[in-house]
Structures are given as C-alpha cells and as structure tokens.
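To keep things simple, chains are lettered A, B, C, D, E and F as they appear, and every chain counts its residues starting from 1.
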C-alpha cells in the first residue's frame, strides 16, 4: 500500500441536528477514529491504504470493518478480539452558542489490549508512508509505546513517518503530549500540528509560518504543516514556506476536518507538490465539514474540483 | 420553592425543518407554554420551581406533566380535568424570507375552565418569586382575573411578583393588554417587556434604556428589563442602568427565547447581581434558540459557561 | 385556463441534508419538472393552469398526477402510457464547498414517446399564456419539434407565448440550445433568460439591463426578463426598464427557484404591472429556496406579503 | 358526479408503530373523516365524487382539501371559514392486548358552524347517490338537522340515499343515535350497519342475515348491509340474501376499514351486482387495513384483483 | 414510598425494526435496567417508588434520571459520579427465526464503583417492599454484597423483601447465581423465578406449580411466583396455589416483560389478592411486549382493563 | 475465489412499511440483484466470492460497489461505464391482502451495454463454482449469450456450473425462459428451480421430489434442487433424494429469500453434505425474510445456529 496507519476506531453516536444527547429519541451511527478517518479519506481518492487496529468480534466491531472495507481500506492486519468492548463516543453537534460537546466512552476497549508484540510489523509497515497520531499515543495505558514502536519499525524499513499531534485534553495532559512528541521527534518526517497545539504544548508563539518554522527547528523535522482553522494552513517544507487558505464552508458537522486535512496532505506528499498537499488538505477538510459524520468519502475528482475552486453551486 | 408560576401549557406540533405544515408527513411534538417554559428552564439550572395549571386527564395532558416532571418542576397544584381538551399550536419554523408561522388552537381548553377559586393559593404562592405573563391574562375569557388574583395573593404573602408583558396579537388587542398591565402594575416588583411592546402598547419611544426608565417611572416599578432581540437587553434596576448584549446565535428554532430569557433574569434575581440577571437571560435565550422546541433544558454549568463566553466550539 | 404549459415531469430523489447519495439510507421523494413546477406555483396562488405531458400508467406516474392535482392544476390533456418509464433525477443538496450535484436519469421515458400529433392542440392552447422552456426542447430526441409546434399553435390561437431558456448542459450543447432559441424567437412574446445563459448561448455581454435590451433587439421580442441570482432580475418590458432585487434568503434547497420566478412573472403578466411581475418572481424564487423540493406551494397572500417585505419573523 | 357525500374532516395524528401517544417524539399526519374517506376511496377507483363540508381557511384546512383533491374528489361545495379550528383526533394504533386508543378533539370546529342554509343543495345533491353517516349526525350540536336535510334534499331530487349508522359512543348515546336513525329511515334507500350496532342501538338479535332482514323490515328499507368484522358482510337486497366473507388480512392499521367497505358497496351499487357490492366492500375494507391512515387509495384494478382473490404475494 | 428498589440503569440502543445492528443508520434510545423498569412500571400505576443507583454526572446519566423522574420515581438516594461511564446495551429486536440479540456493554460502569457503605440505608429501606434482582447481584464485581446488604437492611426494618432471580448467562454462571440465591434466601419474603431458571439453576423438575411448591420448600419462602412465558404464571402463596394465563400478545418488543410482570406482582402484593398479583403481572408483561423499549408506562386504569380482558380493539 | 457469479445489480427503492409507493414521503435504499445477493450472502458466511457486472461510474453505481465491498465480495472484474444508467426497481412491500408490488426500471442500463467480449474470462472463471441465473439471461437484449458464454467458459476451466432458473414474467415469456434452459442444460452441474417454475416452464407435474427427479432426467443434470416456499426444499443429488423443511418465519420482507437459499446451497456444495446444502439454504432464506432489503448478511455462526434450530428468542 501507499499509506499504512494504526489507531483505534469507535462508533460515534449523535443526536439529530438541533436535538440534545440528554433527550433525543435516536442516535445516528457513524464510524470514527482519527487514523481510520485518514484511511477512509485516502482510499476514497484512490490511494491504497492499510489500517491496523484491534476490534471486538461483535456486530459493533464488524461494523467498523464493513465501513472501512466499503471504502477499500485493507484490513488484513486488524486483530479480532473476543469478549472486548468497542470504543464509543457521543457527539452532540452544536449550534452557536451551544458548543459541540462530546462524551467519550473509550475506557477498557479492545484497543487497550493490543500490544506491540501482537502485530506483524512487516505487514504493518509495508508502505511508503506510516501515519500516526497523538490520539493513539494517549488513548490507552501504554499505547504511547505502540506509536513509538510503529515509528521505529517504519523508519527501519525506509517508510516516511507522518505524525499528527492532534492533542485531546480529555485523553492526556499537555505536558504528557508534549514530552511524547519530543520522544517521537527523531522518527518523524512530516509533522502536522494545529497552531493552538503548537502554542499550548510546545510554548511557541507567533503566526503560523513562524510556528511551522520553529517546530521544524525545534524538532529537526524537514516538513512541518501548521493548521489554523478558518485561517488555513501553512507549511515549512524542506526549506520553503507554502500556504493555502481555508475554503468558505457552511459547516454541517465540523468533526473529522482535521483528519481529512491530514489525508489531503499525505496524498499530496505521494504525488504532488507541497502546494498540492496543502490545497488538497484544505479542500478535504472543508468537504469533511459539509457532511455528517467523521468520514470524508469524496473521489479524487470531487476533491480536486473543490481544490481548484472550479465548482458551481448546482451541477445539472 | 424559589419560583412559582401559573399558566397554560400546550403541545406544539412542528413540521421537520424545510417542510410546510400544509404538506409534511409528520409533526414533531414539544411541550410548550410561556410559564411552563420558564419553569423548565429554572428547574434545569437547579432552581426549585412550581407550576400551576389545569390539564386534561388524557394522554396529552399527562404528557405535559411528564415533560415538566422530568425537569424536576413541582406539579402538586395542577388541577386535572376530565373531558377537556389540551391547547395546541402548530408552528412551521421559517427560513428567510419564509416567516415562522403559527396556527393557534387554544380555544375551549382545560385551562379555560380554571377559576381562581379552584386553587389553593397558600400552596401556589409559597415561593420567593411569583412569575406571571400577559399571555395568561389574554388566553381565556376571564383569565385576566386569574393573573390579577395571583399577583395579589403573592404580594400578600411577601413574594416578589414578576410580570412578562409578552404581548400576543392573536390573543388580545394592544389596548386590552395595555390596560391590564396598568391594572396589574401596583403588584409588580419586576417587569419584563420587549422594546417593541413598550412602544406598541404603552406609546413610549426612544432607545431601550429610555424605555426601561420610562416604564419604571410610568408604573412605579423598581426593576424593569427591556429586551430588544439581537440588540440584547437593558434594565433599570433600583436606580441603576444595566445592560447585556445578545450572543451571536445560529438560530435553529427561535421560539422559546423570550421565556428562557425571563428564566435567566429570575435566576439572577435569586442569587446574582443585576448584571448576572441580564447575562444569564441573554445566555439562556441564545441557548433556547440553538435547540428545537420551546424549552431550554441546560444545566447551570452549561449556561454559565456561555454567559462567560468561555465555550469552545468542540469539547473533546 | 389562464396559463397552459407542457413538459416532462420526474421524481426527484434526494438524500437528507448533510448526507451523500452514495451512502444515504433513504431518499426523499419530490415531484419535479420545470413546467410542472411553474404550473404548481401558479395554481397555488390561484391562477387557473393546465399542464400537458406524457406519464406512465404506474404508481410513479400516478404520483406525479396526484401531486399536481392536489395543487389544482388541470391534467385533462395528459397522455397515459402503459409500459413506459418515468423520468427520475437524484439530487444531493450541497453545502459549501460541496456542490449540489445531480444524477439525471431521463433517458427513454414516457415523454420520449410523445409526439406532437398525439395532442389535442385546441385543448392544450385554450389559455391566455402558453409557457414553454428550453429544457423540454432538449430533453428528448425530437422534442424541439414539440416545443416549436406548441408555440405555433398557441400563437395561431392568440395566446401569449412565454419561453424560459433554462439551459441545461447535461441535456444539450450551448450551440443547439442557441439555435433552437433563434428558431423559436418569432413566436415568443415574453423571454426569460439567465444572464449567464445570455452570455454563454448568445455571446452577449454587459450588465443585466444591457443583456435584456440586447436580447430584445436581437430577437425582436417585446418583453425580456433577465435574472442573475443574488443580483435579482431586470426586464426590458415594451420599451421600459424595470428591476427587482433578490430577497435575502437562507437557502434550504435552491432547486426550483428559477421555475418559481417564472411563475411569478407570468402571474404579474396576467394581472399586474411589469414591476409586479418581477417582484412576485423574486419573492416566489426566494420562497422556493426556503423549502425542500422543487415546488413552490405558497398562497397569493403569502407571496404578496414577502413581495411587500411585510413579513415578521414569527407570526403569533 | 355519481356520489355526493357530506361530513366533517379532521387531521389524524398518530405515533409511529409501537410508540405511545404520551411519549412519542413525532406524530404521523393523515387526513380523516368518515365521508371524506368514502369520497377518496370512490374517487380512487374512478367514481366521480363530491364532498361537502366546512373547512377553516388555514394551512390545516387547506391540507384537507389538497388531500382530497389529489384523489380527484370535487370540492366546489366546501365552505371556507376564517377563524375557525379544524377537528383533530389522536390515534395510538394498538398491538394486542394494547388497544388502539383515540383522543377525540372535535369540539368547536369549523364544521360546528355549518348550517343547512349555508349550502347550495342543488349542487350538493346533483348525484346518483347521496351518502350520509351517523357520525355527522352526532358530531356537532344540531348537525342531525344537517343530515336530515341532506337526505330530504337528495330524495327530492331522485338520488339514492345511503346511510351508514357508524355509531360512535364518544359522540352520542345509543338512544340518540337510534332515534335519529328512526327519524331518517323514511329517506334511506341503502342502510349499512354493523351487527354490533344493530344489537346495541336497535335491540335486535340473531345472526347477521337475520339482523339484515329485521332491519329491512323494521325500517322498510329495500337494501340493508350488515357487517361483522372478520365474519364478513351480508345483505338483504331487494328480497335476496347475499354475503361475502372477510379477507384474511394482516391488519397494519384497522382504522378506515368501515369507510372503505361503504365505498365498495356504493361502487357496486352503481355498476355491479349485489354480490359485487359486498365483495368490493370487503376487498376495500381489507386493503384499507393494510395501509397506514384512514384512507383507502387503491385503483379499480387493484381492488378487483383482491376481490377476485387473484393476487400473488410478490409481483415481479 | 411503598416500594424501594436498587440496581443499575443503562441506555438501550436498538436498530429500527427489521434492521441489523451491524448496518443500521440510527439507534433508538431507551432507558433500561431491571429494577429501574420495575420502578417506572410501579410509579406509572400510581405506586410510590424509590430507585437507588449510581449514575455518571453526564448527559447520559442525567437522561436516565430524567426518564425515571418523568414517571414519578423518587431518586433522592441516587449517587452521582463524576468521570464514570454509564452502562449500555445494544439490542437487535429479532423476527423469527432471527433471534433478538444483545451486545452488553456493562463493564467498568459508575455502578461498579458503588459500595454498600456509600448508601443511606435508612432512606433506601424506608418502604413497605424492597425489590431486588439477580441481575444486580451479578452485574459488577462485589455487587452480590450490595444485594445481600440491601436484603438484610430491609429485613431489619420490617420491609417485605422481594427477589427476582432473573438469571443472565452473560453476567454469571448458573452455579454462582444459584449459590447466591441460597445465601439470600433467608431474607426473601417473595421469590419470582422463571420455570427455566428453576430448572437450570436449582435442578428442579416438573410443571410450574410443582416448581413453585418445591422452591418454597427448598428455600423456606412463603410466596413463590414461577413464570413460564406463554404458559402464564403460577404462585405458591402462603399455602395456596394460584395461577394466571398469559394474554395473547402480538409482541412488538418482548424485552421488559419480566420486569413489568414483577411490577404487577408487587402492586398486587400491596393492595390486592394473590390472584390480582398474578393477573396484574401477566397484564403488565403483555403490555410491556406491545411497546418498544424496556419500560412499561401504563396507568392503573389501562392495566386493569387489560387484566379484566375488557378492552375492545379500537376505542372511539 | 470459491464462487464466481455474474449479473446486473440495481438499487431497490421501497416505501416504509405500511406506506404506498404512490404516496410515501421517502424511499429506503437497498442494493439488489439476484447474483449480487448470492455473492453478498456467500461472502458474509466467509466464502471467497467474485461478482462480475457492468456499473455506471456515478454515485449510484459506486454505491453498489461499496455495498458489495463492505461484505468482502471481489469486484476486480466489474466494468465501469461512463454515461450509463443504473437499473432500479421500486418495491412496495405488501401486507395481506395487499400484494408486494414491483415497478421494474431496468431498461437501457449499463448492463445492457456489456458484451461477452468485454470480459476477461480467465479472471471471471477462476473459481470452483460459477453461479448463473435466468434473470441475467432475460434482463437485456442478448444477455442470454452472456450467460451461455459464462457457462461454457466455466465448464472449459473445470468449474462447477450452477444455474438458478429464477423465472421473472416481467422480463421474458415462459417459452423463452424454458428454451434457454434447454440450451444451457449441457453445461449445468447444479440446477435450482422453484416447483412453480418447473410446472410453468417445463410442463412437469407432481410433488417436489418428483419434479426434482424429472428435471434431473429431462436435462441430464446430476444435482437438482427444487424449492417450494413454505414447503421447504428437496434435491435429487447424484441419485439420492434429500429434503429440508422451511423454517417458521415472521416475514418482514420476503424479497431476497430465493437468492439467499441459492447461497446456502452453494456453500453446502463447497464444504458440506447435500443435507447441509439444503438446510443452510432454508436457514439463509428464512433469515433473508427477517430483514429489510434483498441482501442476507449473516455470519456462518448465525446461519448455522438457525440451521441447527438452536436459537433462543432473546440472547442475553
């Protein structure tokens, strides 16, 4: 495959628009998980992708696999666990000033029982890019070791290692997240980091281009992408500065935008210029915000049309 | 309890978003009614509240009680009526330039048969605040007497009497509403009035602070709150001028905002400053607009976070 | 009747808001078709209208007729075809930057088998206005002849002939559409054309008033209306220039706006001034955008209130 | 028209299957009313039908008219009333042993304000058959006079007068219903009566053929149809006994079956044998039970296929 | 209160009818839990009831409380836990031969952290009857001690102790369940046991009356009720044999029937004969099966009408 | 793969239960097609399966592929066609006596443009079993040649050729279907035929075992399976008679049962006895009837439990 990634998947359960978690009669079901989202987005544009994880052998775990399979993601390295639970999260999509609020239910899941030694690293790392995130490092006791191992195994086999900091305050402290990034840095070829995380975790300051430059210097990483929501994305890319604006979006459901952005960057890394990486990233992020759920299932043609700004409002 | 209120409740029946009342296949059901909304909003933030009314002893009437009970509102003074109908209203939520339009169906209801002598006024008025509205005064033949009696009974027992003018052109003429307010004024400790109503009913003019001041003088009321939608709220509060801006809101369903505002003001009256009263009011109003239905079911923590402006868009 | 129109109807199948055609669990069903939309909009405001078409004698074809009948459109000239299929289109309503995208499924339908000689032209043309569109000319092999015949038959009986260019790139080339318009021009009394189509089909340039004037001159037509979306509409109307701004709209579902606009213009042509024609057109267009589906079912009172700008946000 | 009928229409509001009225999040909307159901069923099989009533000029009243128009029922004699309410009923469809339970909300409706002198009886009675029911006689104060007048006016113009006893304990006492039937009897040409009503209202006994015979003798009516649910229907028809079994049905929603039965009998009366009348009646009754709502919208071909017992389970 | 009970509550998440857990787009939400179901059913018929548990202080935990409050259950002894998860279960309602299948997700919940010493036993046991179940004994590590303590505390205060064996193979082995019952037996005044559990756990044999008698003898319990699904229920009641048939039901959703049965028995124990206890139990069980979800929310009047067999299919 | 099959896929669009195609507000979407259903059912129990077809390169065609991919069916031989339409069918699921009725919309589809020479027969036939049906032979002009070619290519490579007669009166005459079967017979190793088709197409008579025997003799086929709905299935299997009863089912949606049966037989052919083939077939058929849609997505464990009759109604 071109990209291999590893992490936990969950079901996301959401009330219909305008309804509250505490009262709604039904919950919409979507498959979620940062790396799974990246994998689905990449496979949807035609990039061969593998996703590794541990799933319970229940209808819920099987549902996760069905969803990823329907997008074409390879799942041969997934470990099936009897008698475990699947991670869940409940997401009430907000409407200003009501915030989107999330109830995580990710303790004691099948993924917690996955140890680095369970995996066939040759299979997992048989890829041009290994994509990892800070969520996986923080999600379970000892899962930081899993991410570190994956980075090392990938590096050892000559893969490009990408890392999305993706800090979640509900999963770890900023200090823990920062020190893990420091530990992982020597193995990282491409770093993706929100401007906010660059400030909160690493004590940096300044505008996004400065942050990208400083992160590159601080960690000695050749390619650093810094995102700042509606302000778009910038990169320090092997000595060049690149940037792409965010696209105007209506924002049906903002969850999943960061993962879609990462997918666009990885896709550009595989077959485009640094500018392509950013513009595909912002196009995919905005498309992810235009649909319910965490996934971004758009074809290459659909993404590129948006990236080019060529879309008309109605096509008929 | 801390707050006692009295009025009619209804079922509100609404088409799904973007559909019309004349065509839609289904109607969403919500419990509504100005004072019931205030009671639910107050109970949801933890203020002990009682609501008094007349309800038919049918699944529809019981449904109203279930809804208020689930929020923790005390219902021991409600009168159950066999063989009566429940008030209803049909509300098609608009989308500019299509207005939100309402078909009232409130004639001949159980509440029409409620007379002041049916009530145990000791129980109804056992509260720090008695909250009343102009809707109740206008909704049924003779219901103005009920509101006047409640204000008198409350005053006699030392409760603070709050009155929300809440003019509805479908229920009475502006003249009737104005002259009732004049009659009730001697018993009112806190007046809530839309700027628009101050102008249309009482012939006042000027900006909201002027209106508040003039209402206070005209009626000899110590605390007067004037609301003006997107322009926020101002108060003349025992000689001081206070104000709070409206919060930016997306406005899923604007109905219920006025009642939620009143609840925030009463909550602030119980345990906060005049500024707290207004900022809780505008926070609760904007939260009410962010959800379907007329009710505002948010915890104190949720409201205060919005009132402080501390919310982030996604919490995870 | 006052207005008679002729064209194909379809079922439109749409995912719920925020869902994709490729994934959604259910499709909402709406009856559609440019002239059928015009007929429904006119009948809804009280204008007697007839619609002529060919429909399959299946539950799907019957459904189209039920929908138009419920609005009061006369269907006595519709031809019922056994063993034919109904046209369909799948419309995923977008959310910026995701475009609204349409999958047409209009080949080999019952309408394709309708020939001009099948129709009773006395019945079809018994009207003050005959309304035709470029969609019908392009939708089936030989259907241009049908439109031409209708214009001729109408003209011969003294009816006013209206033509909405309504270009669809999925149905014909710009050249074909332009040359058909040239052929039809001698029979046209009122031309409706998007500014974009005036440029793309007829090689005109300039602002909308210029386009209207140039179209009038080029084709020798007395009344020409040019629309330009959010910029509103202008007309060259027997030597006078008229214009109307677009109304601010939230835009739940923009499909159907053009047909609703045409209906408003025809209604104004029947009993109002040129200015009325444009302002009813823009009011109906914006109302059509405020509801799901392609149809615009508003009463005359509702439309005129919006056209006057008199609506308040909530009516109660 | 062939059949003219007169009565009140309502909206029926029902929870989804398996849900309770006291709790459900949404209510499904169906247009209902005994005579309106008969009119829709007849128009659906192709019998020209008129329905006369009073409707409020609101979106709710308009919805009733749209529904009947879509089936092709003529509504030119309907009186439109401003400022009135539409009748409603809430129907929770049961599931043994939970009964289907109904909350009527039919007091003070537009129909209550309809007086016999409001109607153009020439138009109302311009039909081969006038169909009336005991529900209309009982539904409003003085509406018995309306039914009596309709029967007299019909008789005077040579129409066949049909009467469906259709007793509702929630609308009148058995005594009142019985004495009204006695008063109306001289004008009745075709009587339809449930076996249960024959016993409870008229004190008759015996099996259905006996009941039909005794009703015919008691009232001096030439054609009497007696229904007994799962036991089918029998008729005393100008001296002959006829019968038809009920069809096996699954019973999705049994409401509306009686009205559909009456429509089948009237259809048979117009163009078939007495046996056709009963078998069309039982076929239409069973089809009505197979769909949600009170209406029976099946084509003549669909009904006759079921009446012949020729249907296969899947048609493809 | 009259009845006090203690146990875990969960959210039950179920696909729509005919859909599978592995594929469905949405999950219906119902509050569940054996003792919570009993409490809701009792409060719904008017019996004062308290329910004790531990709930997470999240929207999910609050939802459980809202649901029970709306039925009138007292919740003052519930312990609110920050940072814990709520138990869940996913239930796909089957359709023969597809079984109803359940995915439990009840590990590590707030209830697991509840210890006997956390509770105010005076408050918990201030009741005529303490109701306990085998599910609670099995659901968490050490929760058997909680049940034992509750029985002892109840007995010490003179309450009647009821115990529903309610064996769940997914929670414990038959041996564990049986030996716990033996340990609890000296404190039990009323035992409820499925015939199947009597055989599988306690090695008994014979028909239900024999099983009831043998259980009474084996455990020295004065009142023993044995249920056997469609065969109804029997009791050994202070030396007398009593029985009640099951009612014919359509079985929309069979889950919750056992809990509803127990509620009926407890209600009968409070104010009726042993025969009443069983017939209320079977009526409530069959009503529970006629609605979605685990709860049985019927009024006393509704239950007694079914218990008397007096219901007619449609009430109008 | 173990099984390779070839045919057209469609979207099936169905109203919700109890609603009619002519009126329903929404249509549920399911992927359908006889051979695609067989492929999904086989892949779901773990049999490696390939499906070959022509699909339009639109969101509708991609949706078909996503659905099959999610079950694990190999699609590498599918031909993607630009500018073609996908087959559709509208299925209103009946409720006695209302029949399930189908509106086919399968003319002019992408599959019509597939010719035998387009396919890589080495890839298509790389399987132990080639499964074909009479639907494919009848669905398009010249598609009989495609089926014949597939049988020949399969036979030439040593695959077992299975053929399901699956007669559809809407697609061809009985004579055409029968003569095609005669032409194909020399290449068939396993024939599946409904008893009804054996009679109507081939003029045979007698009970199912006789029909199976006569078909085997008439066509010289070693294994012949005859199904007769609720009477189960019988086989003439290399000289032995085998049979399996149908399972009691509630029948939520009977469409797809025949295809699921065929899948069960093929699965048994691969790794079981003739008796296993039939009992897996009847188990899968009954499971298919217990879910909405045409597909049968059950795991091997779920099917075998039903085939063994071991299931309990609720599993918890």
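Rule of thumb we're sticking to: a contact is a pair of C-beta atoms (placed from the backbone, for glycine too) under 8 Å apart; a residue touches a chain by one contact, two chains touch by 3 or more.
None of the values given here were measured: they were computed from a predicted structure.
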Longest centre-to-centre distance from chain C, chain (CA-based): E
Interface numbering overlap (same over half, different under half) for chain A and chain C: different
Matching chain pair for A-E (criterion: over half of the contact pairs shared, by residue number), options C-F, D-E or D-F: C-F
Centre-of-Cα separation between chain F and chain A, whole angstrom: 40
Distance between the centres, which are taken as Cα means, of chain D and chain A, whole angstrom: 62
Length of the line joining the C-alpha centres of chain E and chain F, rounded to whole Å: 45
For chain A, residues that touch 2 or more chains besides their own: 17, 20, 22-23, 25, 62, 66, 101
Interfacial residue positions of chain E with respect to chain B in the complex: 62, 66-67, 69-72, 299
Residue numbers on chain C that touch chain A, as the complex places them: 17-20, 22-23, 89, 94-102, 104, 168-170, 254-255
Interface residues, chain B side, partner chain D - complex: 13, 20-29, 58-60, 62-63, 66, 85, 88, 90, 92, 101, 103, 105, 107-108
In the complex, chain E residues that touch chain D: 17, 247-250, 252-253, 283, 286-287, 290-292, 297, 306, 311-316
